[in-house]
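Below are structures written as structure tokens.
Across the two complexes that follow, chain A remains constant while its partner is chain B and subsequently chain C.
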Partner chain A sequence: MAAVSDIKIDDKVDITDVVCPVTFVKTKVALEEMDDGQVLSVHMNDGEPVQNVPRSVKEEGHQILKLIDNEDGTYDLLVRKVGED
Partner chain B sequence: MPFTNEQLERYSRHIILKEIGVKGQKKIMNGSVLIIGAGGLGAPAALYLAAAGVGKIGIADADVVDLSNLQRQVIHTTADIGRPKVESAAETMRAINPDVEVETYHEFITSDNIMDIIRDYDFVLDGTDNFSAKFLINDACVMADKPFSHAGILRFKGQLMTVIPHESPCYRCVFKTMPPKDAIPTCRQAGVIGAMAGVIGSLQALEAVKFLTGSGDLLTGKLLTFDALTMKFHTINLPPRGEGCAVCSDHPEITELIDYEQPVCEFKPGQN
Partner chain C sequence: MAVDYAALKKGGWMRQKQKNMFALRIHVVGGTLTADQLDGIRKVAEKYGHGYVHLTARQSLEIPWMGIDDIEEIKKDLAEYGVTPSVCGPRVRTTTACQGTLTCPSACIDTQDLAQKIDERYFARELPGKFKFGCTGCQNNCLKTEENDIGVKGATRVEWIEDKCIACGVCVKACRAGALEMKDDKIILDRDKCTYCGRCLKSCPMDAWEEHPGYIMSWGGLFGNHIHRGKQIVPFFESEDTLFKLCDATIDFFDKNAEPGDRLQFAIDRYGQEKFDEMIRSVYDESVNADK
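Take a look at the complex of A and B:
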């Protein structure tokens, strides 16, 4: 897997201020507004979001690049958009 | 226009669905549906379409809320008795979802006004309780090329079909003309189980949402029937549209709208 510094992040979304299922909904909305192949960084809380959001994103067909533990109770999930249309 | 956080939360269960998503929810919010009849079928349909966030909902009905309506017309309450159904329905829809624009038509739908009313909507939902209205809605929607959902309920039975005019069979392709007077009893004479209105009206709302979002396959070219006593759904495949149909064939006999005689028991003198 590429080092974090090698991955160009095109957009960011913060889902630490919302709870399930809006966590995934916000992620999904951000991804829908991006182009195929672009990378989204999702800032999320430990616990339920880390367990569910990466899985839901994967189920939609997107590519998980990396899950970074910020060691402050939050994570950054790097997702590459795989277009569905 | 991006969603507000409140909208994201309100519509989250839709947005999560792969078949709807952000794009589908936006289509719903930019869409418009006309519901003709604020009764048994129109009530659940109006509730679900308002909840879904359909941008503009029109509701047409000339009646006022009657005590005997409340057993199935779940959009009205006991306190609404005597009020125009369209007012009561609009109030409930606005209370469920202030995002929705509601337009009311407190009048009988006739050959004189139907074309003007359906023009502004993407999809029409027939929630009427009499054959003259059903043929009028069918013919008008065919002439205006307006997709619509037909439905009917009686006793423990319901039926449903979706029509994309000039593509799929219309109501008149299946039911050529008005049944003889008194051949079919009305709900008033024969009764209807309340929840049947909920089942079939909700299916109509589903068809409207599927039409607006383009998800799945519409109930076109088919008639769905439901019998609550046996709990069986049947889908009957219909013959191709148009051939010999008086209104939707390529050379239709009917080119003007017809107001068939309203069954006598549907009339309540003094009410409009």
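Take a look at the complex of A and C:
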């Protein structure tokens, strides 16, 4: 696979200031504002968000590229937007 | 004419405190009713009852205020809509189930299909005491399987597919048991820690996990006057055939060893938990070895 540094990030969203289910809602809204194929970086907390948000993003049909451990109790999830057919 | 209340109760007619009034319990499997069946139930509730129904704690439905003189008419009206009475008393009761893989993203097994099979095989079987089956699709345990005499919980064994994996790391965080570790872009699965919940494969963006669905069973659950949490006796297994062999053996045990009014756990306590566990394990071993 491509190294993380090769992935071009088009937009970022920080969901560390909200709790479930707003974590996913914020992510979803950010993805809706993007074009197909663009990459969103989602900044999230350890625990419940990192256990559930990636799966919810997958179930919406988007492509997860990488989960980066920032080693400070936060993670960055890189998601490629997949539009509806 | 003397009223045979026992016969009525057996047929799902629950005596109300009001004289000659009954709540009719409907036969529901896995909590599912069709729109057509609901139509028939609505008509009967309006025509013979007080225009409402009551939902029971175990996914059944009761139509109260059914008069004793209308019983035959009510049965006929309901039959036209494919609705039949349930049972009460010392026999196998409603099998409960979640929606399972039919609609739920978390489910590991088809609980609706399983509930149908259990119902076809055991429903209304006469036993010394009541006997309840409950099925849930995954470890979220929406259907509270450990409350039942026999509980069946969906689970899955997983195998990592290296070729499909992009080493994104999502599964390692999705695992709540700490059973996964990523080293040099390789996933290491600790089988001793794995709870077969399947959260790794459900979260995987690349479908880089083989899914081998199966069951985690529990025995002896109670949640009435006495409360007892159903106990898992044998490990996770994958064969439906084994599941039914274990159910058959349990029902036979209960039929032979229970006293009137017993629940499974009372019969187990009298017989000895250790001896019961051994019996279940031997059925399990025999079935699993026969599959090999």
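Observations on the model:
The working rule: the second predicted complex is superposed on the first by the 84 of 85 C-alpha atoms of A that agree within 3 Å, B and C clash if a C-alpha of one lies under 4 Å from a C-alpha of the other, contacts with A are read in each partner's own complex, and residues count from 1 in each chain.
Just so we're on the same page, a contact is a pair of C-beta atoms (placed from the backbone, for glycine too) under 8 Å apart; a residue touches a chain by one contact, two chains touch by 3 or more.
None of these values were measured; they are calculated from a predicted model.
Of the two partner chains placed by superposition, only chain C is touched by A:Val50; chain B is not. When the shared chain is aligned, chain C comes close enough to touch A:Leu65, but chain B does not. Of the two partners chain B and chain C, it is C that touches the larger number of chain A residues. Applying the stated contact rule after C-alpha superposition, one finds that A:Lys12 touches neither chain B nor chain C. The part of chain B that touches chain A in the complex is made up of residues 2-3, 5, 8-9, 12-13, 15-16, 18, 21-23. The touching residues of chain A, when paired with chain C in their complex, are 1, 46, 50-51, 54-55, 58-59, 63-69, 75, 77. Interface residues of chain C, counted against chain A in their complex, comprise 105, 166-170, 173-174, 176, 199, 202-205.
Contact residues of chain A toward chain B in the complex are 18, 21-22, 24-26, 28-29, 32-33, 56, 60.
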